[in-house]
Amino acid sequence: MILARVEGSVVATKKNPKMTGSKLLLVRPVSVSAATDQELKSGSGTLIATDALGAGEGDVVLIVQGSSARLAVDDKDSPVDAVVIGIVDTVDVQRRELYKAK
Amino acid sequence: MILARVEGSVVATKKNPKMTGSKLLLVRPVSVSAATDQELKSGSGTLIATDALGAGEGDVVLIVQGSSARLAVDDKDSPVDAVVIGIVDTVDVQRRELYKAK
Amino acid sequence: MILARVEGSVVATKKNPKMTGSKLLLVRPVSVSAATDQELKSGSGTLIATDALGAGEGDVVLIVQGSSARLAVDDKDSPVDAVVIGIVDTVDVQRRELYKAK
Amino acid sequence: MILARVEGSVVATKKNPKMTGSKLLLVRPVSVSAATDQELKSGSGTLIATDALGAGEGDVVLIVQGSSARLAVDDKDSPVDAVVIGIVDTVDVQRRELYKAK
Amino acid sequence: MILARVEGSVVATKKNPKMTGSKLLLVRPVSVSAATDQELKSGSGTLIATDALGAGEGDVVLIVQGSSARLAVDDKDSPVDAVVIGIVDTVDVQRRELYKAK
């Protein structure tokens, strides 16, 4: 899984009939900086993930990708490959709290 | 899923018999720029995705990849790994409308 | 799917018993150049894909990857993750013909 | 599979109901340095993997990704795509012991 | 599939009970150099792949990844995502023999 920060959302009214009504979030993967191990560094790319947990802008979330993403939604035949499976409370690295949700 | 912009199309008459008649679009993945969070930045690579929604050149589309792509087409045995599952109307980031379809 | 150019071939006599007799092609992924949108740019890496369509050196082909690749071969239990599913005739970008097979 | 070093952990109380109780580890992929072949070089990104083997901070672990990750957990319907499947004792390269667990 | 060179091996005594007894090889992906098309260029990262063919250090091997890797081992429930499926004899590019096993 990867960590990502929610930055926005996407609307597509013309879509595949098997797409569920879940919200489409625009998220940016984040990693713990290799240089300092003390901050979440934003990646250069963005992904679209469906969300049924109610994540909001600025939240750090846990994203599952690939075929496992389908197991995270109610309909296993939903053609999705990235889903929010957790809203992160804390990230601890080397016993320091690097991130804490507000 | 990823966002991508439709740039063109590909024709292959000699192909696998299980390939459906769907159009093969040439698409370029786009991401929200990390620097400004105000524009869609084009990636350096391109992909080929099948499309049954009628996306045209210049449209921003939602692409599903991997095994989930097969669930987006009528024939689950179709050997495809990237399919257009939505034509994007709007992309909102930090409550600003970053993209709107014409 | 991705576009790739056939550059050569690989022979492995000591191989997994489930491997079919298909030819193993060495292919280099190509993308439409982001700078000019007028040429196919070669990638820095190479892949090995099985081929049953008879693609030859210099041909631009369509490659499917991952679990979908297995659906493109006759034996679904074949342990392959990249297969040629089309020999490309033309690539059109912004209504210009960027590539045409000889 | 890839090698990774355990750097920390993540807590998410609001999560998908199918997520098991396994600990969520923050790991950083490591590779053998191409320049010297004598050290494990840390990657720039980090992943989140579930762990049922009891790996601790600093351990080098073996990670399986994708659909195969689900086979490594007790519940095949768990929506995970990265799981610790081994705690590494030694890494040998060109017959030299490059890493040994303490 | 990808080509890779065997560089070493990994031992993990504390591992997932579904892991088979296959040897864990440390391999480095190689590609045909885009500049010259005359040599195998080593990648910067390394992977771990299981092997039942008896590949040794220095051998160039064919690696299958993802869910297809499971079809290459005797036990389909083995949680592996990279397996050696061939020991390469020759790599030919543009009708020149670029690599030949010793």
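We just call them A, B, C, D and E in the order they show up, numbering each chain from 1.
Note that in this section contacts are C-beta pairs under 8 Å (C-beta built on N, C-alpha and C of every residue); 3 or more make two chains touch, one makes a residue touch a chain.
Every value quoted in this text rests on a predicted model; they were computed, and no experiment measured them.
A.B. asks: For the two copies subunit E and subunit C, is the contact made of the same residues on each side, with over half of the numbers shared, or of different residues?
C.D. replies: Different-residue interface.
A.B. asks: Could you put a whole-Å number on the gap between the CA centroids of subunit B and subunit D?
C.D. replies: 32
A.B. asks: Would you mind pulling out the distance in Å between where the CA atoms of subunit A average out and where those of subunit D do?
C.D. replies: Whole-Å distance between the two chain centres: 20.
A.B. asks: What parts of subunit A, by residue number, touch at least two of the other chains?
C.D. replies: Answer for subunit A, listing residues that touch two or more other chains: 43, 66-67, 69.
A.B. asks: Considering only which chains touch which, label the overall pattern as line, ring, star, complete or other.
C.D. replies: ring
A.B. asks: Around the ring, starting with subunit D and passing to subunit E, what order do all the chains come in?
C.D. replies: Here the ring order, subunit D leading and subunit E following, is D, E, C, B, A.
A.B. asks: Could you please specify the touching residues of subunit C with respect to subunit E in the complex?
C.D. replies: 7-16, 18-19, 24, 26, 28, 42-49, 57, 66-67, 69-70, 77-82
A.B. asks: Hey, which residues of subunit C end up touching subunit B in the complex?
C.D. replies: Subunit C reaches subunit B through residues 1-3, 29, 31-32, 34, 37, 43, 53-54, 62, 64-69, 71-72, 83, 85-95, 98.
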